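Some structures are shown below for you to check.
Two complexes are shown next, each including chain A; its partner changes from chain B in the first to chain C in the second.
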Partner chain A sequence: MPKVTYIEHNGTEHAVEVPVGLSVMRGAVDNNVPGIDADCGGECACATCHVFVDPAWEARTGTPSEQEASMLSFAATKQDNSRLSCQIEMTAALDGLVVRMPEAQH
Partner chain B sequence: MEPATARVVIIGAGHAGSNAAAFLRQYGWPGEIILLGEEPVLPYHRPPLSKAWLKGEATAESLALRPAEFYGKQHVTLHLGTPAEAIDRGAKTLRLAGGEALAYDHLILATGARARRIPLPGADLPLVHTLRNAADADRLKAGIGPGRRVVVIGAGWIGLEVAASARALGAAATVLEAQDRVLARVASPALSAFVDAAHRRRGVDLRLRVGIEAIEPDAVRLADGTRIPADLVLLGVGAVAEDALARAAGLAEPGGGIRVDGSARTADPAIHAIGDCTIRPLPGGAMGRLESVPSATEQAKQAAADLCGRPVPAPEVCWFWSDQYELRIQVAGLAQGAAQGVVRGDPAAGDRLAVFHLDAAGAVQAVEAVNAAPEFMAGKRLIALGRPVPAARLADPATPLAALATA
Partner chain C sequence: MNAPVNLEDHEALAFSLPLDKIDPSRPELFRDDTVHPYFRRLRRDAPVHYTAESEYGPFWSVTKYKDIMTVEVNHKAFSSSSQFGGITIRDRAKELELPMFIAMDPPKHDIQRQAVQPIVAPGNLAKMEGIIRERVCTILDGLPRGEEFNWVDKVSIELTVQMLATLFDFPQEDRRLLSHWSDCATALPMPGGLIENEEQREAKFREMAAYFINLWNQRVNAEPAPDLISMMAHAPATRNMPPREFMGNLVLLIVGGNDTTRNSISGGVWFFSQNPGEYAKLKANPALVDSAVPEIIRYQTPLSHMRRTAVADFELNGQKIREGDKVIMWYLSGNRDEEAIEEPERFIIDRARPRQHLSFGFGIHRCVGNRLAEMQLKILWEEILKRDLKIEVLGPPQRVMSPFVHGITHLPVKLAA
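Showing the complex of A and B:
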């Protein structure tokens, strides 16, 4: 199963297996990785699943949809590599993906 | 630090309860965690019950907040189908259905809310539904389909979402509201008017200022004698805090709900309360209920942090969303009591709306957005920043939001 490494703001790493087809958000929630609240359950309505995609992976995770981009536009901690993790679907090609969490989701 | 044997019992395995268990482990709670749920199913997302689930666009797995294995892996003992029946605060024990006693060191009440019932003749007829839990949703779903006549009593969020889903499923929908506008309790007149028009355009027979005389086996009879034929009636007249347990233990307010502070503490130092069952501090200093997932999550964090001896996180800007047809409605802050409403852009265009509500000092206290995520996010940010914004620039779509909302 492909693995994702989630790195908390304080540097703590969580390497987790995420089944293909689930979102990177689900991988975090299902394994109780701190820092992703995902209030809306993946509806792209809450922006509490914000992550920074490791630059080495940005090309493979693709670009945000318009709705996702607009939800991210005013996130307090937005960066160029910001994504909503509920909108990144796990594929075999993403095995090894590294994402970092912002200091807070609010 | 708590002894590794200290036991937290959480009553109510809904959004707040399941999140509290997760946050307790994230924050390092060393002791036992027992999560008691009355419903027989894994804790789930309630919002889709009136939206995607009703329309057949969600599965039981996608509805679950967390998979079954989660609880075992996190050493959370989950007892489903196990209502707590009484709290003995002196002895710090609970009585479960079946008579079994369960001791606690700390208790978290997360019992949620239940659909309000109104004393209307015929309200217990089989065609009448309410919507609060998965069992209600299954029953409702079975009754809605092409050609069915759905009558919704109450134009609140849930009533309107069900009307929208019913239309999507090919049913006829009538919405009956006593007030002079939809969403009267929860939205500004501008948002009400927008949502009203959206429903009418999609064929909903929306009637305002109507009194209801009775529900009959195949119709709803109005005060003026009109009979509206119905195959199914949804009572969408709000929710009341599920506080029966707390009330019997002397922890509920006379008007309903369990009063908590900004750390989710109740009057009993061994008991926190979180989610829809609470009366909590609101923005602006008042106390009230906030029936929303973000509030349940925020309070779950407060209780978990407090129990783990961590600083309680700073208050979040409250917010809510609703999906109706292809409209995504997002509201942050509370618009009540605002000095001025500022509409950005042209609501007459019909497909999007953004209204900012300014307080007396000219700072944004609330934003209402329909298909306008940038305005919603910018508004949320402006609420958090709390500094005055020139209304004219806010109203002018030519002023970039970024110029207003970046600190």
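Showing the complex of A and C:
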């Protein structure tokens, strides 16, 4: 199963196996990785699953949809590599993905 | 519809009326807390339902969690704009309104929200936490013991207003003006009411504008400080806002944060009094306050609905909504949807996913203040627990007569001496 490394804002790392087809958000929530709130449950409607994609992986995780981009645009902590993790679907090609969490979800 | 008196009669009526005769917007159903059977019927038999005639004209009711989510995320088909009547079931005359981004569509909505949202982001809120906690402590320690009082007035309103005054660094001696203005902004105009017509409402807005422009002028010329007005006066994104837009945003922060938070404070006390087992859980494990707070907000649902206007034809769960139709997302119903939330009728403070509720809306208009509201409630319950306050509720709450603000006006309580 492909692995994702989630890095909390304080630096704590969590390496988790995430089944292909599930979202990167699900991988965190189902494994109780702190730092991803996911209030809307993956509908791209709350922006509390915000992560920073490690630069090495940006090309493979793709670009946000219009809806995702507007939700992200409200996040105070937004950076160029910001994504909503519920909108990144796990594939075999993402094995080894590294994402970091912002200071807080809002 | 006839006027049944108790909940059983409403239950019977709700399930026997022809569907086209059901009107869940009637204000007395909210005052009497008897609206739930009608929503239950609609969720079962007509989840997207049309009321042809009501006090507010014709409207669609969306009552299921997932259908509400669909409306929320399709903001291109469902407009919030005041141009079409705004965000509540009651149409408002647009020329009287201050511009507020809650009642705007993209792109203007997005630009204004981008300017305001960082101000209430968790990092900034943390700076205000200490002083809010101090105020909470002072209020709780000053409450009368061993005698009946109205929790809504002495705690919910007082606390909400003090917290707002703190957030804006608004003169504490004038703080009740904040709740007064907010009440005026949301009141139904009626003879003998708080406001009798829209002109009076506009006059109140002007009074408030004058007061705030004065505060803005003071802050813009002073060193940056950690209050919302100073932050807005100094932040690059907001400091050049035209005055009316700045005003609109301030009013939005005041109204948005006022009776919603107030009613969550009152609701929490009522729910714990009806569910002593849940309170016992919280006392035994105060860390549960983190999940208890969102559950209070779900269970109360401080705004019963938000309204949209269709600006394109849209098929929603089998119903054809036409351009121009008024669409009501009944959060109060979606938050009790058994297909989305387990045992939704029960108040359970340790749910696994307590934030999956509709009270803050979803999508681009999702409540900007949601983490702030949670922080306020969290501080309150932490301090109640620390003091082991024994709050005895002496009678049922009296409720607001409105299909929009879902609130409590009176809750008689007594604290153990």
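We take it that the second predicted complex is superposed on the first by the 106 of 106 C-alpha atoms of A that agree within 3 Å, B and C clash if a C-alpha of one lies under 4 Å from a C-alpha of the other, contacts with A are read in each partner's own complex, and residues count from 1 in each chain.
One rule holds for everything that comes next: a contact is a pair of C-beta atoms (placed from the backbone, for glycine too) under 8 Å apart; a residue touches a chain by one contact, two chains touch by 3 or more.
Every value quoted in this text rests on a predicted model; they were computed, and no experiment measured them.
Shared-chain residue A:Thr77: touches chain C; no touch with chain B.
Touch criterion not met for A:Arg60: it reaches neither chain B nor chain C.
In the superposition on chain A, A:Asp30 makes contact with chain B only, while chain C stays out of contact range. Look at A:Asp39: by the touch rule set out above, it reaches both chain B and chain C. Within the superposed three-chain model, A:Glu103 lies in touch with chain C and out of touch with chain B [touch as defined at top].
Overlap of the chain B and chain C interfaces on chain A comprises residues 37, 39-41, 43, 45-48, 67, 70-71, 73-76, 104, 106. Across the interface of their complex, chain A is touched by residues 69, 72-73, 106, 110, 113-114, 117-118, 120-123, 353, 355-356, 360, 362-364, 366, 370-371 of chain C. Taken together, the chain B residues at the contact with chain A in this complex read 22, 25-26, 45, 47-48, 62, 65-67, 70, 73-74, 293-294, 297, 313, 316-317, 321, 323, 328, 330, 373-374, 377-378, 380-381, 384, 401-402, 405-406.
Put simply, chain A touches chain B in their complex at residues 29-32, 34, 37, 39-41, 43, 45-48, 67, 70-76, 104, 106.
Those residues of chain A that touch chain C in the complex are listed here as 37, 39-41, 43-48, 67, 70-71, 73-77, 103-106.
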